[in-house]
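What follows is chain A paired twice: with chain B in the first complex and chain C in the second.
Showing the complex of A and B:
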């Protein structure tokens, strides 16, 4: 069974290198400042991500409807 | 001149044990004699007060650094011990070493081929957990191999190691002397030490058995001179004196070739004194005492105890210019004010610098002195020297005072002070107030600010701090004044609001009062309204019209009151709805919030004060009281109530009968017994609600009801319980249980499941409870009390953990939330980027904003 189908698991997507660069430039942040996600995290297994990739997480937020969050892949 | 600070980051900290070599090279002096002073009172060379260890007498110079008292930090010395002794703080570690190493070759009792296998595991445990955990693991591993009783390296036989607390070691039945211990520990190899998580440079196990004892500088243990001129030494000096004395005797006896028994005894005594020097509260040892029997305070106690360095000096913080006392209410002072007793105002001072413009003014304070309010206690000269103002210094001081001097004058009305009540869970737990010096001995505060402080007047005490600089005062005033804190960051509603009588009064005023014009003017004037232009010039005025006179001319508001009626305020006129808790209370309506956002903090604080005063003034004039008669029921109502109770009881008995006859139908998923209990509870709760309703129908105009309806205090249930029926008492959602004895009280028969036997109280508080009923009431009362007593610290700790974990998170200018090291926690504050205190109860009314911008009215 894929945990992606569970309604409590928000949508995880992998940013391309181009998207990644643009994001870092837009947010004016460095990789060090971003929140992290483990390479071994079950939610990103199907994405085939590597270290230092950025994962975009869009989730339903109680206060803001849809909210976007970014995490940097570590290890 | 500004000191030049260099900031550096601490990379790591390493703890080491002082080696004898290190102790000697650190030492400024070797201590050889127990004498402290010679006949002239001068410190003896080689004594414990040796001037090479620093000086504590004015006039003497430290021989090591040439500095005088207060300039010299002092220097360490040492004693050469005649025989080694165990350091009490390392007994556990020594025990571990003895158990895990060979008595003849000193190797760890693990076969060479297996050492590699364990070394990695052990190091990770040491790094991830603690050295204790690592030692525990070493012990576990060694016990696995120890079954053979032989050293895997040299095949020597290993005896069982025993520790007789506090510090005597045995191998089988042979007592290990500290000399033997030290020899054993010396044999342990550096490589094996790694397995214990120790680095041989930092820690060698034999250093845990002392051959030299370090002597702390005299500045660390100063003596005090008593009034009689006699010197009284510090406890540490006393203890060290004992050590040196016994050490000397031991030396002499050894050199004289005294019998071994005498040497053993002295050696034990030396061990005792060195042990109690480090820690005087070892369970198995009698503590060392003064001649009077007072226990000596030695090193461990200096650090650890409540009065020790950590809890008293490092974790405990105390401050001048602060005060604490009981609080009491004063509805006549402003929201921003705090009443300070005159006695306190004479001790809490504010430093004011003399200039050409305030010289005359400040001189008056100085002339009145410290005893007459408002006076001054101290002056500070431009060179920083402070001088107390007293009768005999007065002339001199008034003479020399000029520009540049600072006068510490008494607290005056209007000064800024920070006011705080613990637990400080909020930013609103510490707010700035303007001082009002008042007679009496308590702090006074406006009842409307009780809510943010969570204060009441059943003996609560609060703290007051007086900022001492212009910067601190202006910062407090601009950022922390009560009026700036009106809107809660939690939900954007007002954290202050009218309470109790202030609500009742406004409720009655806006509900039913008709006043004559002079009455209205009198009422308004009494609560500080001077502009009466907004009061309609009519013979008879409606209460709503009087209330409206307080509101701004252009204020429009739509809302609901507590009973659900529309509240309409159009252009400053209250046309419908009542002013009750839903509108005037704290954290309830949008009324106060809207006033704040339209007219600002100062106006809102002022208005709220006036509204509260108005409510109280209304009650003062109208009269408002409650008595036992307010709980009377009319005869026909009483009859109805009794019938209703009887009815329900009958139903309950029917259920019991059905159950007894075995005819009770079980509810799905329940046993018959559970069903019985559920049905009983249901019927009996209905009994209370029904009779309560019946009673409330009859009680119409009644002080208790007014308070309940307005939201000032109490609720309908309280009234019903007082006048009609107290009702079923429940513990954990069930009727009172009969426990192991099969009955709740010996007054009842066993297995009695009738309502009365299981906590149903059919009397009202007014009619009075019978003894059994009273007992059941006490049971639930006790349960509630225990519950709150146990829950408060739990939730307090939960909150503390949360606030400590999040205390350094902050919203940056790019709207991200980041921790102290700049790492992002949220990309948008609260995921929506909203400042809750600027919203309407958490959301934004876009329509209103659009209307405000394009200027259209609905």
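Showing the complex of A and C:
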């Protein structure tokens, strides 16, 4: 069963190393300051992420239309 | 001309949200001059910056006030038929507290099960509802008697009730054989009787003999664990099954279920099955549901902020001293919330240092708080 399309689950994508560096530079943050997501989280199972990867989450926000959020994968 | 404007708009990409860029692309007419287009974009940028929260604004405090004030007007009544016949739903303040505290066991866990098309006629919905309802052995028994002398328990099966769940005595007998380790099971004198005999015939087993009766009653013979009640209702021409009790994981795996819309009000269940982002969405949705049902109005941004804070660590954390407050780095801030003495003692023993970088601790010692104009400070470049 795939939960990917469930109404409550927004789209999760894995950032490449290049995108990751650019993002951290653009936002002026270190990796530790980002919100976190567990490696065991069911929504990122199909992505085969490793710890310290960054997951981009495209939310459908009620106030701002589409909004983007980032989470760092932790153990 | 068109291309020029497009490149101009996309040059604003890192300063404006994708939604606004998309809208600008579609709605700025291609006939305008480059200069006009630039002016439009600058105006949009100006409006966007103005709409943003200023740095140092204490958004958490504003959220707390904005949720707390209407909270005082909510019902305190837990038991309330919230538009749904025969099903209790926790509403109002108790439910709000449940959500924000992220309670592990909630008062009325529920599920809303949607069925796929082709499985949603009334007949099919009814059979499905019956299929998932958890049925315990107690519901198909007409009599249980404990014979102390022979150390025997005999069960009378109500065959009619059993049949309505698609079971008969032989099947139940088979099931009991696998479930009970210390008893041997056999068919009794009449066809609907089951006899249980204790395997080790000791005299001090009386307690166990009596205990087994309670255990027997709770054996699940049919349906899905945790689903205590089912109620098919019609919602805008479609049948939805409401259940009391929840088991999201197993229900989503069923073929008939529309696994995209089926959901529950148990946040931990959602976290387990759908992940942390889904939990955030569920917190927002559940809170909005409570507030709207009470006829109140709270700006969704406040609720989104709270939901974000509860999910920021990747694990669902309630606004309690065991959850969000525990994450605070300052000892004084933690002590100011609940159980101050305990926090003081443990941090004194651990030798914790409070750097007084946040709001609460600075209020306590009567210093300017790092909020609003108190936030920026001067940095001198030493040469």
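Keep this in mind: the second predicted complex is superposed on the first by the 75 of 75 C-alpha atoms of A that agree within 3 Å, B and C clash if a C-alpha of one lies under 4 Å from a C-alpha of the other, contacts with A are read in each partner's own complex, and residues count from 1 in each chain.
Just so we're on the same page, contacts are C-beta pairs under 8 Å (C-beta built on N, C-alpha and C of every residue); 3 or more make two chains touch, one makes a residue touch a chain.
Here the structure is a predicted model, which is why all the values come from computation and not from measurement.
Applying the stated contact rule after C-alpha superposition, one finds that A:61 touches each of chain B and chain C. When both complexes are overlaid on chain A, the residue A:52 reaches neither chain B nor chain C.
When the two complexes are overlaid on their common chain A, residue A:13 makes contact with neither chain B nor chain C. Look at A:29: by the touch rule set out above, it reaches chain B but stays clear of chain C. Shared-chain residue A:70: touches chain B; no touch with chain C. Comparing chain C and chain B on the residues of chain A they touch gives the larger count to C. Common to the chain B and chain C contact sets on chain A are residues 35, 61, 63-64, 67-68. By the touch criterion given at the top, residues 814, 816, 818, 822-825, 827-828, 830-834, 842 of chain B touch chain A in their complex.
Chain C meets chain A in the complex at residues 14, 17-19, 252-253, 259-261, 263, 270, 272-278, 281-282, 284-285, 300-301, 304, 308, 311-315. Considering their complex, residues 1, 3, 5-10, 12, 26, 35-38, 41-44, 57, 59, 61-68, 71, 74 of chain A touch chain C. Residues of chain A touching chain B in their complex: 27-29, 32-35, 61, 63-64, 67-70.
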